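Order of writing sets the chain letters: A, B, C and D. Residues in each chain are counted from 1.
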Amino acid sequence: MLRFIATRLVQLVVICFLISVFAFLLVHLLPGDPTLAILGPNDTPAARAVLLHQLGLNKGLLSQYGTWIINILHGNLGASFLTKQTVSNALGVAVPIDLELVIVSQVLALLVAIPMALVAALRPNRIFDRVATTSTFAMLSLPTFVAGPLLVLVFAVTLKWVPATGFNRLSQGFGPNLKSVILPSVALAIGSITVYYRLLRADLIATLQEDFVTMARSKGLSTRYILMRHVMRPSSFSLLAGAGISIGTLFTGAFVVEVLFQLPGIGFQLVNAIYGRDYLVVQGMALVAAVAFVVVNFGVDFLLTVLDPRVRRA
Amino acid sequence: MSEAAEPSGAFVSHGTVATGMLGPEGVVATLAPTGFLPKKGKGIGITFWICAGWVLFMILLALLASVLPLKAPNFQDYSSVNIGPSARHLLGTDDLGRDLLARVIFGSRVSLVIGFAPVLIGLVIGGMAGLLAGYRSGPADTVLNAVSFVLLAFPALLAIMVIETFWKPVTLLKLTIMFAFVSAPLLFRVIRATTLSFSSREFVVAARATGAKTSRLLLRELLPNVLPAAVSFALIGVAIAIVLEGSLAYLGLSIGLPTSSLGNIINDGVNSNNLSLNPYIALWPSLYIFLLLTALNLMADRLRSYFDLREVSL
Amino acid sequence: MADSADRYDRRAFLARGATTAAALGLAGVGLPTLLSSCSSTTNNKATPRLSAPGIGTGKPKRGGTITVGLNSEIDGFLPSTNHFDNSGLTYANSVYDTLTMIAADGSAKPYLATSVTPNPDLTVWTITLRPGVTFHDGSPLNADVVLANIQSLQASALTGQALKGVVSTMVKVSDMSVAITCSEPIVAFPHYLATQVGYVVGMAQLESQSSTKPIGTGPFSLVEWVPNDHMTVQRNPHYWRAGLPYLDGVTYRPIAEDQSRENSLKSGTIDLMVTRDPNAIRDLQHDSGYQVVRNPSVGQNDMDFVILNTSVDPTNDLVVRQALAHAIDVDQLVKLFGAGIAKPNLSLFAPGSPYRTADNGYPKYDLAKAKALVAQAAPNHGGSIKISLATITDPRLLNEIQAIASMWELAGITTTISEVEQVTFIDNLVTGHFQAYTDEMFAATDPDLNYVWMSPTTANPPIALNFSRNKDDALEAALQQGRTSSDPAVRIKAYQEVDKRLSADLPYLWASQATWSLMGSNSVENFNNLTLPDGSAALGFASGTFDPTPAWRKD
Amino acid sequence: MSRFGRRPQLSFPDVGSIEGPLLEVDDLHTSFRTGRGLVRAVDGVSFTLSRGRTLGVVGESGSGKTVLSRSIMGLVPGTNVERSGTVRFSGHDITAMSLDELREVWGMQIALVFQDPMTALNPVVRIGRQITESLRLRAGLDRKAAYETSVALLRSVGIPAPEQRLRNYPHELSGGMRQRVMIAIALACGPKLLLADEPTTGLDVTVQAQILDLLATQQRDRHMGMILVTHDLGVVANRTDDIVVMYAGRVVEQAPTAELFAHTRMPYTEAMLRSIPRLAESSHTRLRAIPGRPPDLATELKGCRFAPRCPYAQDHCRKEEPPLRTAGQGHLFRCWYPVGSAEGDAALAYNVAARVPAALAFTGTPVRDAALLAPNPGASA
């Protein structure tokens, strides 16, 4: 167990290191003089001096990387050349939004997918199962950039139930906060529902055929108890693994959703920075996003190991 | 009842090591823990062939677009702007009086190329590497494995967006290369894992014992068995790539004008036109993507159940 | 100085490269001061305002907050270094005050100043300040602060070049007045004080050069600015205009996509929005649930046009430019993209402007002539005319250039179209790395404010504010005449000549006036009833710039 | 927890105090609808079991014995099942019970011991909860009492250091220990009837004996009825009072244990007896495996179901299925040419002469030798 975690931690560190090298080189791979690319016509001696200092471009590549990474480890990710806002500040705005989006959308997806999968798996190939399985196929084929505008048109513009754009922070009240994230979360959840439903359904059907389920029935335990205590947990591992996978989809979806709903999450800010040629922000945001992606995946793996006693042996 | 030998979740214990780190785009991978012998007495099913026919039809339409009796996709007929479906324009026209049927079919070329070409490239490159690595473990396998691991640690959309910022302008070729870079390691992992599960099977061991050449073994014995999983997975890969390209186009980060793509047209219909004024601009390409994705997903699903591949996370 | 615009948000003010004029802080709105008496648009004051949208009917209500959707985000609040586009000016209107303000008739009236008076030859302008005004940090408004502001503007790379031809020296006359000497007579000087260079910033902010923490004398003070998300201001309890503002606070939300912003207004997410999307006007102008304030017919509005680079092949050839102009069917373009709102306008000046001539000589749509010109010019350009037309990434503009390209193609001009990001777009304009771009600029309350965009003196590489690099001495002469002459008749003649020269030189292929508008739901009242300190009507919303001072909530 | 608990709705009087058998199975049929047709897994089984007695159900795999044990409990899952006949437990008709009523029977009255404890114990739930959950939810014990009871239970089934085992996961125990745990779970609520389905398969011989002894002890101590389902006649030889032999869903022979062994009438039983491993032979080795396979239950069967593999089979057998015939006290069998009868001996001799492979294999005559003896190969077909 400890060895397993240690191995994974080493992998994690190596991958994070490689990501940082990639992000670092990003600015250096810019054709020509990176300062010129960044400053554009804003290229005044003063601005250039500041930028040179910030990038450490006047030193060797290795020591530049050293300085850069040490700065980052101290929480200094640089600042936007446009707004002067530090990347850490921007992240302070973006991260809570992304966290909430991910949590709310995944909770929604699970709230829909689990009962659906349970009902479908208890009576496989019956009407509910067929309808549910077909409709998840439909959802799988509904990309965020198609579903999102539709949702806005119906629920924000026509019904006026929720805002069409923007994010209300939790400090502005729970109600407004929830209202502002619910629609984007639904748009994001659509893809996850399918992944969760299908994984869970397949697993549930397999688990329900296990002897230990018959055994539990033979003990006279109620169906609900058996489902909750005996079936769900062994069936939830690929669900959890699916959640890990789902992060990738969430990434793609979140970028679209954030732009569509004007939520200043990482995706939105990154797209803006790319359009504004704000390379330092691109660099910082990409670094954080990629590291977060890897760390979350690591977390999922870790959770799987903790939850499944059988993996621990390995 | 009793022969459900593998406790559910067991596959997760070796599958997830990769999962976490991998799964870039919400992939429900396919692996074959049981065997690939098609179920006896059962065809792959009409659904599969209908879907395959449909996809083929869409591909043919795109290929033959220039010889079909279609209107020129960029011809602007100002006398019929924003009209609905009619005899003259089967699907109606857009805000420049361009025929939507022609635009959708010509526009689908980008989606189809970005969907299939990189996955095919990935299938060939990743497939060969995966076959070799899975068959013969050694330093090469270790290195390839590590490389695929690192490449997959980056969320695909993020990586592509970031690379685009300094690799301009965006062209079909560049997008294909970038997407291939994303899909190759993924397919490598699928094929490697599948090959691994076969390389110790009796028929392979037997063939090896009779002194068969490695190339023969790989091509004659392993490849046919690995192929169903690879193809089923590749179909999902195609679906993912199409969504990814659409998302990029929606964010305005895919191929620029004058090349039109489905994502472009949707973006145009949603953002430059009031959806309620002319919903057809966004409707047709959305429907096209929906039907294409549904067909691809159904095909992958049919393949999985036909070859008894379990839906697992890789 | 260089960048003439916000390099910031992507589709933020993306639309039509907007930025430009307003961004430099050189643009304003309204009619020329000295000509206001001869203006034909004096009926503005006479318009019964009670029933107009944005004009409150009941008793003002104090309290409450509103949310305003803007079309772009800004890079900061320091007038000397940041690029104020229409949104930037809106932000600035909330936290700062300008020395002068444009009245409803288009004239510049003292605002933070009590008077702005010239010497007889209009080369020395004395600004007397309003007593008793304090900044948000409690420091007083006085001559020292104003001098420090102008010095800071002069020192800046951004605003310095623009001020170079205007401000030469300055002296403190008394504690509350300063005298500014210009290098030549500047008739429109008070108009400049109503633009980006007219905002007065507190001494503390000047010292820190902070672009994120504005200290002004304005009706509101900053609570929080989260770039790309929102800017929140709260009521300034010590505002020098007694009783104002009515609102407790305003939240500005930059929403770049026109459609998203419109959706936000419809869903009640925002109370007010600024837009230039004619579709929104078409959708909402007759809807009793909304108050739609159109751009005033006072002064110069932003123009939509294609800018041609006269320093690169083949657009350096006048024949080619003529062919391009003749080939564009502007009526058709406007029909396609104007939503029945925009009107074709083949002149720098709108109908009704005194500078508008009966015929400025601008080439009419004539496909046959265009083809002939192409045939004539082709041999000089390798046998065929190839044009690269680009715009910023914006769905509506992308459609526009596709239409223009197809019109040019019909005339035998090979056209490739492309989209570029906002920042690259502006860089390329400034550095001359383009052939044909769509653009939008020239909103001004006095035509002299546009001098810097057209003068041959700013057309020189490497960095030129005269983006088209059109060097026409006759044009410069006319511009100079308009700048320095105090005789309205002379100015009219001068700017009519400017318009004719532009039609002859063809650096700009005109299309239509920008369709700016301010739209409110009925939850907000009186949001376009801006007044001057004496109670007379001020210009209010114009060219995308809004001032929240008079607004109040209905509920 | 209470949300999962239920109040008993049926009252089962103390089984020891009432008259009549504990379990009466009468003409029980259980069939599965499948894509290939109706599979008659249990096809008309009847027997009775008195309290305190042990019944062995013996048959090859696929003979329907596992389905029978599930079917008796009403535990056959799925919607594709057809069941008819009656199962009376303590006078109550189990086949007529609703799911809620059945749940009162399950665990409390009838308990099941599964074949493979590895799959029948939930791999991700600790042993402790798997025992205590029925004690708490079914028997209504509180946490502490349930814990103590489960410790006592584990101890009674011979598990050392039960307190520690309670914290283990199934995979952390040895196979024998797991089976003991399963028995403890089955016994937890003091059932009156224990169904043990191949409880020793997969265990090595010494452990097998221990487990069977444990079951016997528990059955005696608790005065339970027990049904021991197995494919191995050797297992049931000394541990049951009566034996039911099943083949292809049918009861083919049924008798008190001693009678069955002493006077085997059914050729199938005889064949099975010959397949019992002898001393010092591994339990996995079948000396005389029965050639051939059981029939496909999805197809329409004609004649005696064992006929295709039977050394005694004659044309009559293939045409008409024999009824259950009586041979002495409580001895039933289903054969036209019973073992030990004159007809049987004649039939076997005829078949050997005709070189029927089943007969040759049965008598141990090498096929090659038989071929030399017989002038007319293939005549018997």
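Simple rule for what comes next: contacts are C-beta pairs under 8 Å (C-beta built on N, C-alpha and C of every residue); 3 or more make two chains touch, one makes a residue touch a chain.
Given the structure is predicted, the values throughout are model-derived calculations rather than measurements.
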| What is the graph distance from subunit A to subunit B, where chains are linked when they touch? | 1
| task | Tell me which of A-C and A-D has more C-beta pairs in contact. | result | A-C
| field | Centrality ranking, top chain (CA atoms only) | value | A
| request: Would you kindly say which chain has the C-alpha centre located farthest from the C-alpha centre of subunit B? | output: D
| query | How far is the middle of subunit A from the middle of subunit C, if each middle is the mean of its Cα atoms, in Å? | reply | 41
| field | CA centroid of subunit A to CA centroid of subunit D, Å | value | 53
| How many angstrom between the C-alpha centroids of subunit C and subunit B? | 48
| So which bits of subunit B are touching at least two other chains? | 1-2, 4, 7, 9, 267, 270
| message | Among all residues of subunit A, which ones touch two or more of the remaining chains? | response | 153, 210-211, 214, 234, 271, 274, 277, 308, 310
| Which residues belonging to subunit C are in contact with no fewer than two other chains? | 10-11, 257, 393
| request: Would you pull the subunit B residues touching subunit A in the complex into a rising list? | output: 1-2, 4, 7-17, 19-28, 149-150, 153-159, 161-162, 164-166, 239, 243-244, 246-247, 250-251, 253, 263, 266-267, 270, 275-276, 282, 286, 289-294, 297-298, 301, 310-313
| Interface residues, subunit A side, partner subunit C - complex | 40-44, 80, 82-85, 90, 93, 152-153, 156-157, 160, 162-167, 260-262, 264, 268-269, 271-272, 274-278
| Residue ranges of subunit A in contact with subunit D within the complex | 123, 126, 208, 210-212, 214-222, 224-225, 229-230, 233-234, 307-310, 313
| Touching residues (chain side subunit C, partner subunit A) in the complex | 2-3, 7-12, 69, 75-76, 157, 211-212, 226-230, 253, 255-257, 260-261, 263-264, 266-270, 393, 421-424, 426-427, 430-431, 463
| message | Quick check on the complex: what are the subunit B residues that touch subunit C? | response | 74-76, 78, 81, 95-96, 169, 252, 256-258, 267-268, 270-274, 277
